[in-house]
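There's a structure below that I have some questions on.
In this document, chain identifiers A, B, C and D correspond to the written order of the chains, with residue numbering beginning at 1 in each.
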């Protein structure tokens, strides 16, 4: 099963390590929450800088200001990285963890830019760190319901795999067919190009950079579009069914034994006999949704 | 909680203010309903005029006729605005309210056009007033079921926020990647342009003004399309689950003990034995939309 | 409520009228069913002819063959029209009914083509008659479940109207905004053109014939796309909820009193105590779907 | 009813035929599973070769290496084909079966390429054999739940047919209308071209190779887009309702009396009192999905 909540490395043994660890890796103290806010702020600043960096026309003092801010962000990221290294029990394990690699990827570009000036993509890598926001939200318990949905979908992973396999097969066959039918003179230069067209068509994106010109090709295109129209219903149906099921199951939970799924008019838990909370319709309905969210996180 | 129904400002103390207020702000008298119809008519006329105004080729007497009608609409809006100002208890509060600002925005263009002739966008602002139609419908009780759906979705606001955050992150990352891969020579002149492409692709709109040309870019495009194909299921699933849940919950509620979830053909509450209200199919069908499921069985 | 089944005009009084009426307007005799098959065949031949007619390159003997077939179809349609006129009680009522107008529209082009040769669209009008297929299917009882779904959606007509009104307002506002932002130099020549762009974008069709060029226009486009992405969930949710509700309610019907909605494991009707039919999973499941369809129509 | 599981031809009478049959046609022995893996590997190699073959620029030693690999794949396919022929009771029945034709289509191109060199499409035919993967997965029991969903949709075949018929009629009518409105000077050269445009528009693909230019044509396009937006909800609703229904019905089935629909936390059948199997969440969740598939098939 997928787990959620705190899954970071352990804190080091010394008291200052414990204290720093609480601030950096956890978010249940005011200092920890403050650190989270500062971290998200710095990450967003880094994203804005990467975006501004991508524009060609910025020159003069403005460019130098941006440069300065970039060094600030790189400095803050480096400080944080060192701090994280210092307070965990096994630094190597943090360095090689997913978040450790993301953190490293976010500060390296600043230094590599000294060696390879003008490498615009270096700055862009930093944008990866935006993923940290999800970890912060997860620590703060905001992602509880989402993890639950993801783990419910995980139960359908076999069905999802079969769906993806069918989609891939369809794209392979249709891409090959359109390549055979239309050929290089209409832009379908190879089977992979045909597959690219099949993806564009079956997902109903329809850029229009590759379109069939022959009658047979147009017939095939119609078929692919209608099939795409039909199978878009499959992922939609899977997710909807899960959300509906989740909604029906999470309605009421026994305070005594924790079991869910009681009928809307049951007054006692059918497992342990404790009195059940009143149905949602009679509570302050304001709290209903957040309540079910809370239940999931505890 | 979101509230609906009458949420306007209070009426002034004098009798004529009370009377005028009932006509303008409420719609439970024949005069009030007549005012609403006239208001919607004037608004739609204003919209038609703004649309006609946007055409370049209208000249001569036709143009002068339009001008005349525009002055008529502006006059009517001004009259209505003054009337509203006169009959509320605190005019300043109305002026600064959402609807007060919309009303002002609808009549100002007519006067500003004297100062800045040819400013085509001024006339277009008036189209904003079309929103008033929703307020009129709300007063008339037509939006009840919709407010209920919106407030049910409001319970999922945390999940919607997480969905939007994930979508934004995906768009940021994909926009950056396509900018790094394709670069300015294929039209991806900056990271925001890349993000614009990512939005076009992930929502399956696919204008085709920006398309990847390199093999890596095409692979990324396929990934973005398939991901877009998958996550379109999420908002769909959320709304569907809410509508299904609403349909199941709203079926019938016992007048005696308040319990819901009675079967469509039950005549007595299975909890307290009180007679249940008749299923919807047998009530005035006007109110049918909010509890529709029952009718199907008869 | 929407009604379905036979809604045609009444038969005339004489025996041969009754007999002809049974053949032409009903389909519960072998002759009536044979007539239906011949009618659908002739309609499809007419459609194929209209399609072939639209090609420019058909000349010589092939063209003359097509011409001959067209006269045959026109002749058959005329014969049928006369027959229908002859056997109904009040011919004028049939002529002015929806189907009467469709039937007339299908045979007129053949004669008008003598007066206005080369009027290609005349032949195309005949394609309208394809709608008759639905009437035949309806008579044969094939549309029962569909009428039921349509009539269920009819219960949500208020919600659908509010949805359409919101969509129209959104399209008006966004079309006006893009016209103000982009202006005629980027192809947005008037507010209606802007609205056309808004429809293309919000429905995620994305032809690409009109695209924003300014930064502000692109931002607006992103907003419209994401909103379109979100509200596509609304019609989807409405239809899905209705189909789910229909499925849950139609599961089992008491043979004694006709009530539906019994729990999956109930063995006796909770209304009249008769034994219930076994749940679907244990019947010959082949017949399950058509069986529930039958239930709806009786 | 649709059947699934082993539906191949029967084995021949001799012991070595029985043994070979078990390996090739079944997958419940280690050797059978090994054969399946090798078969899928060879098929994927064939697909990769067909894809590489479609590129124009591959010459020299690389081309010769590909040629060699292609002969290897053709050889392996021939060997397998012969083996299959040898061990079934009635070879002619296998040859004319769906899979027999697919297998033949996959090895013929290799030999035909000797006669018609340069016929690029020959190699592409081999990609059809990718369908064999589904048969292998089916034998291994991976497709159980999918077959169940397909057979549930099969119950809605009448509704699906009516939907397809409505869609076809809509496409016919709209394609004819746009042809009449826009005509050949805007690219709508015939009614089928108009229908191709209607498919592109109604499925929200929107290539942009055919777009309306007249005001009336744009109005029609808006109508088609909005209708397409609405009716995309229908297949989505059908599939979702089926998945939801399947989820609700398949929750747990009593081993004693066969009744379904027990609550997730019930430990005993409410009908006969037998102990129920544990809920999915408490089993090794790895097997959960395939288990529910098993339940369906027994």
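Convention: a residue touches a chain if its C-beta (ideal position, glycine included) is under 8 Å from a C-beta of that chain, and two chains touch if they have at least 3 such contacts.
Every value quoted in this text rests on a predicted model; they were computed, and no experiment measured them.
Chains that count as touching both subunit A and subunit B, per the definition above, are C, D. Looking at which positions face the partner, subunit C and subunit D present mostly different ones, since fewer than half of the interface numbers are shared.
Averaged C-alpha coordinates give centres for subunit B and subunit D that are 42 Å from one another. Subunit B and subunit C have Cα centroids lying 29 Å from one another. Touching two or more other chains at once are residues 192, 204-208, 232, 236, 238, 240, 244 of subunit D. Of all residues in subunit A, those touching subunit D in their complex are 1, 155-159, 162, 165-166, 169, 172-173, 176-177, 179-180, 184, 189-192, 194, 201, 204-208, 211, 215, 218, 221-222, 225-226, 228-230, 232-234, 236-238, 240-241, 244-245, 249, 259-262, 270-271. Considering their complex, residues 47, 50-51, 54-56, 120-121, 124, 127-128, 130-131, 133-134, 137, 142-143, 145-146, 167, 192, 195-196, 199-200, 203-209, 232, 235-236, 238-240, 242-244, 246-248, 263-265, 279, 281-282, 285-286, 288-290, 293 of subunit C touch subunit D. Taken together, the subunit C residues at the contact with subunit A in this complex read 204-208, 236, 240, 244.
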